[in-house]
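Note that the chains are named A, B, C and D in the order they appear, and that numbering of residues resets to 1 at the start of each chain.
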Amino acid sequence: MNKIQSSLSEAVSQIKDGATVMIGGFGGSGAPLELIHALIDTGAKDLTIVNNNAGNGDVGLAALIREARVSKLICSFPRSADPKAFSERYLAGKIELEIVPQGTLAERIRAGGAGIPAFYTPTSFGTEVAEGKPVEKFEGRSYVQERWLKADFSIIKAFKGDAMGNLIYRMAGRNFNPLMAMAAKHTIVQVNHVVELGALDPETIVTPGIFVNSVVEVSNPQQEEILNREGAYYPPLNAPLSNNEAGA
Amino acid sequence: MNKIQSSLSEAVSQIKDGATVMIGGFGGSGAPLELIHALIDTGAKDLTIVNNNAGNGDVGLAALIREARVSKLICSFPRSADPKAFSERYLAGKIELEIVPQGTLAERIRAGGAGIPAFYTPTSFGTEVAEGKPVEKFEGRSYVQERWLKADFSIIKAFKGDAMGNLIYRMAGRNFNPLMAMAAKHTIVQVNHVVELGALDPETIVTPGIFVNSVVEVSNPQQEEILNREGAYYPPLNAPLSNNEAGA
Amino acid sequence: MSEQLNSIKLSNAQIAWRAAQDIEDGEYVNLGIGFPEMVAKFQPEGREAIFHTENGLLGFGQAPKEGEEDWDLINAGKKAVTLKPGASFFHHADSFAMVRGGHLDVAILGAYQVAQNGDLANWSTGKGGIPAVGGAMDLVNGVKKVAVITDHITKKGHPKLVETCSMPLTGVGCVTRVYTSLAVIDIKDAQFVLREKLADISMDDLQSFTGAKLHIENDVTDLIVPQL
Amino acid sequence: MSEQLNSIKLSNAQIAWRAAQDIEDGEYVNLGIGFPEMVAKFQPEGREAIFHTENGLLGFGQAPKEGEEDWDLINAGKKAVTLKPGASFFHHADSFAMVRGGHLDVAILGAYQVAQNGDLANWSTGKGGIPAVGGAMDLVNGVKKVAVITDHITKKGHPKLVETCSMPLTGVGCVTRVYTSLAVIDIKDAQFVLREKLADISMDDLQSFTGAKLHIENDVTDLIVPQL
């Protein structure tokens, strides 16, 4: 069994127009920036994206949105230091937004991965976010019924991965990544380091390989915060669109 | 903050008659044998116990049941190599049994810990286990509504723990332990090793201390399988009931 | 006839061997406790299945030598196992997320009865005694392909493949393939479809040991297994 | 009056300081992004609260020095933080299991409006623009004690403590204590109960800046905070 792929472009090549794609990360932390850029390069459009945020600046998810590839965004917090890409398209009515409370978003994704079609949460009861959703009382308290979230693809970032797809993460970069790995038909991971089978301690593996389809190494991943401070832009201005190779 | 307690008897002293107690472990693996024995020593009775099984032989949960302390058992698989203690009381009508499919049991406990009062699962649909439970269709398939499980106390076993209650487990001894830690008002843990704060890698902690109230060190815990092969019996025959001290 | 049957029918090991031939390289597999555990022994050369056990372990291997057991390293049958490279531990909720969430490719389970619509009864005889369900109801409702391995008839000579289960159900319409001591049978459109049968048993005899009609779609091939 | 108010009212740091005094040793605390994050600076000597951040970290400490940020080690406000001994990382579902499951002792949040029944509005002005809820609705429905820190009135001079919220709700009946720039007010039996007020403001003036009746149960003490 070998889930390692040699290039980013190969890893994302199955993602087609109209796909639902979960993208890991919380802001820039744990965001699979190189995979997102490779997805931009494919030209795939009319995507439904699930992410906690709506991107920042002109790279990563913000660039995917700016390039008009996203028709719907499911997220909890579409604000950032520089949310221009999303804000412009949203206020122009060019992107649909489904606002989901952050914990409900996490639980809906987990439910998708765990085969739980619906669950009840106290979150959002009595607010406009709960409008139209079934409400039920348990032990005297009212709860809102929420439904699972599943995706065609998840693109996520981990720290180390092996050929079976076992993953560990780095600090708070973990966030939504292990959940999204569970909730997609096809999960694609960029890792800082591909390691030998057996190099990861079975006790400390966070995502068992059963949830992962493809692993691609990006040994020195870029960090959204740093790119944005530098005013980076993707795709690079004055450069032709080109396939992004692994490790580039 | 120091959650370390000096003795097993002190750790379980708050458990009173009529309490609901989750007990970690899958068979003997990960079972907090010394805490169970300390609970037997307290004399607490009329307990509702949540465990995957119903004990084996004459030690641990089997001994707690044999000593007539358990009025109700919630479990998935009350069979074992030597289920005499449970079988006798069950067939005599002296203990109530709620059979829950294993995955549903795990999810109900997680739901209790995660503030999810109810969820839907395909498990048990169309079977007698689902009788009386609400059924709902989602996306054309029928699912059974299951409710959360919570407890007054959880007594669990981990491998290492620190003063803040952070825990790691040992191999398949993990099983229900991290879930039960979340689902009780008061969680009591026996660990093979108490370690210095900071000695556990923040990346590899399985149970963050927020879910734990008391930690007690039992440096050479007994293993149910081995005790049963030796024909062990608790409380020891021909010995007065005595408080079990930490590390004993 | 029953005596004649005993002389030709497959042993449990042979049934397990036959089931193992259908497990593809790289598939994630859960084997029910008891008889189904035997399937792991017969993985075809060059194919590597990854075995899942409900108590929170993926990628376990053979039993250790006697005396080398670690009782924290067990499978759902509470038997000591070993780790293969790439194994991982996780808690019970994550373990059943794998099961219920459709991440496992194959479950191979035992059966009291299998009905022609795929209903399975394998957890309770319904005769009193002590019920015990374990993970069976999660597996049959979650795993992509649920197969059964079983003797074709009970010890008393009653069919285990039936029109309708009389025993308490484990799951509804969940089984898609049955490996018996006499045949390999698919369940398709709520019918038993015979795929393979022992050369030494006639169609009529096989039908007489089966509690519901055996349909034939294409060729029925001989069920051939090695001596084990 | 508004100008006079500006000369006596507490600064944000002082409001945060006052809120910090009510956090007990060993409590698990979530601070909303922005202004509430300031509360962490004012933990009283000898008490150690453990701070939780929604993105999957328990036990974080102060911001690192500029230039020493690790952008994988951030809080929910996406600001770089550091680790204290005993910290742990976990994924988002586990993080919100802590929140929703009632494991956190205190959440301190900002507010647009707080109603006398404890309703909170702090996520949307309801005026169009781009809605963004984040973890607020989970926190207010899950954490054992939900407190608000806020200016007593808006920049335009409207009361933020009101009979009924006119802005979209974050949660129903969830707030139990409000620390404002003028007073400390509990919410009890759907009423504002005044506990502390600045010595320099009269009861009548305080009531006039408050959109619902302030009740008095026992003594109202002076709200005393240090210069910061």
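The definition used in the following text is that a residue touches a chain if its C-beta (ideal position, glycine included) is under 8 Å from a C-beta of that chain, and two chains touch if they have at least 3 such contacts.
Worth saying up front: this structure is predicted, and the values here are computed from it rather than measured.
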Set of chains whose contacts include both chain C and chain B: A
A-D or A-C - the one linked by more C-beta pairs in contact: A-D
Intercentroid distance (Cα basis), chain D paired with chain C, Å: 57
Distance from the mean Cα position of chain C to that of chain A, given in whole angstrom: 37
Approximate Å spacing (C-alpha centroids) for the pair chain A, chain D: 30
In chain A, residues with contacts to at least two other chains: 107, 110, 114-116, 121-122, 169-171, 202-203
Set of chain D residues in contact with two or more other chains: 89-90, 93, 96, 99-100, 142
Chain-to-chain touches, reported pairwise for every pair that qualifies: A-B, A-C, A-D, B-C, B-D
Of all residues in chain A, those that touch chain D in their complex: 26-30, 52, 76-81, 83, 86-87, 90-91, 97, 99-107, 109-110, 121-129, 169-179, 206, 223-226
Residues of chain A touching chain C in the complex: 1, 110, 112-116, 162-164, 166, 182, 197-198, 200, 202-203, 205, 208-211
Of chain C, residues touching chain A in the complex: 25-26, 28, 48, 50, 52, 58-59, 83, 85-90, 93-94, 96-104, 142
Chain B-facing residues of chain C, complex: 53-57, 69-75, 78, 89-93, 95-96, 99-100, 130-138, 141-142, 168-172
Residues of chain B touching chain A in the complex: 107, 111, 114-122, 136, 138-139, 141, 143, 147, 168-171, 201-204
